[in-house]
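Order of writing sets the chain letters: A, B, C, D and E. Residues in each chain are counted from 1.
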Amino acid sequence: MLFQVFINALSVGSVYALIAMGYNLVYGILGQLNFAHGDVYAVGCFVTYSMFVSGMNPIFAMICGILAGVIVNLCVERFAYRPLRKKGANRIAPTISAVGIAYIMRNVVQLVWGPQTFAFNLEVFGGGSLHFGNLYVGTLQIWILTIAVAVMLVITLVLKETKWGQAIVGISQSIPTAALMGINVNRVIAMVYGMGAALGVVGGILFCSYYGFIYMGIGFAYGTMKAWMATIWGGIGSLKGAIIGAMCLGICETFAGAYLSTAYKDVIVWVIFLVFIMIRPRGLFPAQIAEKV
Amino acid sequence: MAELLRIEHLCMNFSGLKALDDISLTVHDDEIFGIIGPNGAGKTTLFNNITGFNQPTSGRMFLEGEDMTGKNTTAFCLKGIARTFQNIRVFGQMSVLENVLVGMHKNMQANLFEIILKTPRQKKEERKAREEAMEMLHFLGIADAADEMAGSLPYGTQRKVEIARALVSRPKLLLLDEPTAGMNPQETDDLMHLIAQIRKRGPAVTVIEHNIKFMLTLCDRIAVLNFGKLLALDVPEKVAVNPEVVAAYIGEEEE
Amino acid sequence: MLLEVKDLTVKYDQIAALKGISLQVEEGKLTTLLGSNGAGKSTLLKTVSGALKPAAGEILYMGSNIAKLTSHDIVKKGIVQCPEGRKVFPRQTVYENLKMGAFVRKDREIGEDIEKYYQQFPILKERRNQKAGLLSGGEQQMLAICRALMSRPKLLMLDEPSMGLAPIVVQEVFKMIRAIKESGTTILLIEQNAKQALKVADFGYIMEVGYITIGDDAKALLKSETVQKAYLGGA
Amino acid sequence: MKKLVQAKTKLLLLGVFLVVILLLPFVVPNTYALKVLNNVMLYSVIALSVNLILGFCGLLDFGRSAFVGIGTYFFAIVMTRFQIPWIVAFLAAGLFTALAGWVIGAFLQRTSFDYLTLITIGVVEIVRLFLVNCTDVTNGAMGITGVPSPQLFGFVLKSHFQFYYFALALLVLCYGMISRITKSYKGRALMAIRDDEIAAAYSAINLPGYKAMCFGVASFFTGIGGAAMVSYTRYASPYNFTIDEGLILCQMAILGGLGSLPGSILGAAILVIVPELSRTAYEYRLLIMGIMMVVLMLFCPNGLLGRSGLKDILVRFIRNLGVKVREKRKV
Amino acid sequence: GNTKTDGTADSSSTAGTDNSSQTPDAKDTDAGTGEAIRFAVCGPMTGDSAEQGLLQMNGCQMAVDEINAAGGVNGRQLDMVCYDDQASPNQAVIVAEKIAADPTIEFVISHINSGCTIAAQDVYIDAGLTVLAPVNTLDELSGYGWENFMRICLSDGASAKMLVDAMMEMGAQKPAVFYANTANDLSACNIISDYLGEKYGIADVIKETFNPETDRDYSSQVEKFRAAGVDCIILCCEYTPAALLMTQCHEKDYRPQTGGLACNNPEIISLGGEDVEGLLTVTGFDCTNPDEKIQEFIGKYRELYNTDPNDCSSRGYDTIYCVADAYKNGAAKENLAEWMLEKTDYQGVTCDIRFDGNCDNQAAITYILQIQSGAFTLLEQ
């Protein structure tokens, strides 16, 4: 049982990983507690679902969903976050408008798609599982993990090597100074939000495919919260951290459920998390502190 | 003249970089002590060490004979060291007066219940603190700005706010890290007089500056740091003509 | 005129920091701006570089009004500011900071430029892989100046470049400023070290709480009694 | 002289305000409106405690709902199982919550802003699941019924009308206490921590001690608020103490304006009353709330009564009408 | 009266989020004599558990529209107002106060979450309002001795026992319970395990739970069931987790017999597909009944809401008819509860209603359905 539990844990972790990466990207760069992340990607996933159900090719449906997520996030950035940034608001203000956006998105999803759960199967990832003796490994999980790692590598490379990546890194440290370097701050930030949304939708689609359903609550509890936990676990701003943090989260959840108590599972996870944060207050891969008196 | 601060063989390494290398010196309780040295010589790092912000890699520190090695910032502060910062650190969202009042924190006694009940003792304490803080603002000539948000003031004023905040805690030793940065010659002159006056009020002053003229006029003794090492420690007249110091720091006097 | 500021008014919230300022910066010349604390010098620079938007007035750069442009467009036009208080990118290394300075450049000589500034400030070369946030104050200042230069601007605006620098380095910086000027770059310099500044400058302006009180030839200012008294340290 | 006149008008305004507040229950149309008013006041107490933590100490705590839960349950359990005077249990609930807050505050010392924020959410989850699962102590998901109404000096404050004055007195008391704390040197120490921890440490402010104290003191008020609330609804249920609730409590303080105590009351009023207005338009409730929050933030990023908030907007508006308004800042 | 029904039918949204009787002009255009009979429907309409609230509301809405179209009750139109309690007991109390403060409201269709129901009861009792509960299945509710509260559904205990019997009859050796960590489901779980012990002598029933707000991965539960050799799982949870659990079992090639308390939502079939084949569910509404009236109801419901009715919606529907029946026969706001407790003997489309003097519906019948080849089928008793 132990080994199977471990494999289950990794599967759950890999599902969280992708969602966490999109969250961590925006979080690490702009420092925004983005409460709307999950709900924005939920919109993207629902669009994918609707497109697919109405008979569209699943790949196109996914692209539509991703586009929808990106567009929504860009609009949100443009109309809810950017004006705040221009006014030089503190860190808390965008957090609250993000909560507002999350509410709006949740309401829109309920108005358009209703509150019930729908079956979600795009039929592209090939379901089923491989088994080795008594061990079962889902094929979709292998997909998910591969995609997560690939995406992480690509983004890390982009951030490190390209000019835009450097611009993003600059903006993450100081927006006014970045502007003084000739960086088009608004465009780059919009890009980051777009990228975050795209990653979120991809993650969300895989999440929905994995569990085979979609409903309006996937945004907050499974998106924002898990992504946030994974991000903090791994260290803010570290993509590698997002993946490994998600794995840690998956492992804790699954093992706590399997060997301790399913009723107290979440309590146990949170307590482990708390203790971990006490030991490593900045997560597994902490961003380096570069401040001097 | 008594010994106030004594440093013995202080070393500080930052992952391979020797920011302080075997520094020993003594500051007396009635002097203005200057520290100069090229950029990156370790002056600020020295301040950080003798206020407990950084822990030295090796070496010892004594304040009025008491061993303070390994103590934290608050302990140093309670023992009577106050400082200003090279990169200004005022409480940006608080008024100037409040900033200064924070400096008086360690002298305040009232507990939570007295505060909630507003006992006469607490009221008196608070009133006295405000008076003292205002007096300090007058002394530094920034009383006009008392109600303004500290964060939106010009640099020079913010520096003075920092000095006021440090001074109201009635320290035994005041550390000033480049107090004249961003001030014009006129203001620098004013500050010089101010520091001399401060000195008369009680605390010994240790000051880091790059303004040579300022330092030579003001200080009783000057230490010169270079690459973390103590290059010279003497009265200003001698430091100014020390060829090593001239080469490393002052450069050819122009004109 | 490379840059012409006309009747510029700038407000923070409701309070005017600049109250109708006019000044001119001639191409290829060095103009310096002197004034006491809080006079509004930095505010002026921030407005020219687009970080603040004026409440009234014009900023003409090569004849066109740039008051409404965004910061990055202004940088692309060749105006670069070395901000007050250094503002280096703390989490990036010295080298990466310098590269950021060249963000708008497309040529291939970036590496050579970096090497050039390393020569000028050897301590930067020594610290090239250190996070800029951990540099000493003076080291950061040097880095900030070099980073501004990395974009090869047409108009360089320096906000108190000598702040926090050792005397020997200050001389180096002024030498450098002179060399930059001689290479044809226009400079707008804010300095507290008025004597030095006026020595290298062609023109000088004196500011007092939101207004420009005097604008004259630098040599004349250097001799002027009022200026001597107020900004050159009395004696 | 001028000052005297000003003081007089101020006093007059205060008097009028007081009379209005005291007579309000006589003019509201029905008990429902009274109930809403009472809720506004109870939530105000909690929002004030959030403000103490977030507005003054700069720690973003989404977990206030957990402490409301602790206060609520402590009070409910004590009152339903033991024979003790109401007021004793009430204060004990506050103190117990304060202790819990202090412990958690002390425990979280090393964490920075973002980490703390998430952990406070964890606290909500832990407390909620404990309340749901620990059936022996908390009666689990069924909740605790029959919690007694406030009993003061032999009076039982059972009706909404009576409770109004109780809640009002409670709010005034809590407001006074919190305002005194924030105006004292301890309050300034909290603000100093918020603005710059390093400089605060250099002013001999004991950071861990103060943060823990802040959590403790704020939790006292949160707990009192929770106990008062359960004394009012007379039923304790674990489903009241969710993350969403914690978010709402935070929003009250933020929308009102961080660091502004009247702001917290205004924020609480808005977030209690606006959902009531949209009660039957439930399809659009979240939409309305969301749009309201975004728009308010866009207009007053620092909250309605915060810096450049309503007051400044008003002043600007009046000035645009040509009226001279005294500038606060001297130039 | 309320003529917006067509609009609802057109909308492609399924569990209709529209609510037509809220039109403010409902009263003015009243065709009948006398004032409308106004009543409140409470429940979560937003948030994670909105689905149930909206389903209950849909059922009520359909009945209201039908009755009004047929001329109302004694010439009085029905007027339904919906209140969202967000599944939060605190909110439920406010809702109750709001309802109590509105003298035109004559009765209340209950909140759904038991926490909300309990919290709000005090207010309703004080206001003398009758509360009808179409879907409050929590056993403990019978024990409160409320005189204004009546439920139309069977309590969990009763239906759970039926389900257990059916499953044991099918040859289960080692049963286990999988329940959501909520008041209802926990209570049902306890009843089941007690019953298993009493009747079948199975002492150590494995009980596993999950947190419905945040859990969608049940692999640890599955692993535990599998390791313990469980061959029969009783599901006390909503249909979504039920379907998910079965899928996750089958992924691991683990195929226990399953049966659920609240799984009769047709969505479960599309959700679980082949994985939910063979699932038993206990329900008060037998959608497979060929009875004309029932099929007509299903047809109309499907036309309106584009999906099949389930327990929540059918019970809501019959509750309204039942109250209308009471009004027709002389009940009024003041004595509604008394009247119904004593005299109601109503044959509904989907269930019969007759109270046992306490709050329970004596005549409620429960059926056991099984999913066979993609459809619910009545299991022969």
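FYI, contacts are C-beta pairs under 8 Å (C-beta built on N, C-alpha and C of every residue); 3 or more make two chains touch, one makes a residue touch a chain.
Values in this document were obtained by computation on a predicted structure and should not be read as measured data.
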| item | value |
| --- | --- |
| Chains touching both chain D and chain E | A |
| Identity of the chain that, by mean CA position, is farthest from chain D | C |
| Of A-B and A-C, pair with higher C-beta contact tally | A-C |
| Computed distance of Cα centres, chain D from chain B, in Å | 41 |
| Geometric centre distance via CA averages, chain E-chain A, whole Å | 35 |
| Centre-to-centre distance between chain D and chain A (centres being mean Cα positions), rounded to whole Å | 32 |
| Centre-of-Cα separation between chain C and chain B, whole angstrom | 29 |
| Contacts with 2+ other chains: residues of chain C | 134-135 |
| Per-residue multi-chain contacts in chain D, two or more chains | 125, 129, 133, 198, 283, 285-286, 329 |
| Residue numbers of chain B (touch at least two other chains) | 44, 53, 85-87, 89 |
| Touching residues (chain side chain E, partner chain A) in the complex | 13-17, 46, 48, 50-51, 54, 181, 208-211, 213-217, 219-221, 223-224, 227, 239-240, 243-244, 247, 251-253, 267, 270-273 |
| Touching residues (chain side chain C, partner chain A) in the complex | 49-51, 70-72, 75-76, 80-81, 83, 87-92, 96, 99-101, 103-104, 131-135, 147, 151 |
| Residue ranges of chain A in contact with chain B within the complex | 292-293 |
| Parts of chain B lying in touch with chain C, wherever the complex brings them together | 14, 17, 36-41, 43-45, 86-87, 152-157, 178, 181-189, 210, 212, 248-252, 254 |
| Chain D - residues contacting chain A, complex | 54, 60, 107, 110-115, 117-119, 121-123, 125-126, 129-130, 133, 198, 243, 247, 251, 254-255, 258, 283-287, 289-294, 297-298, 301-302 |
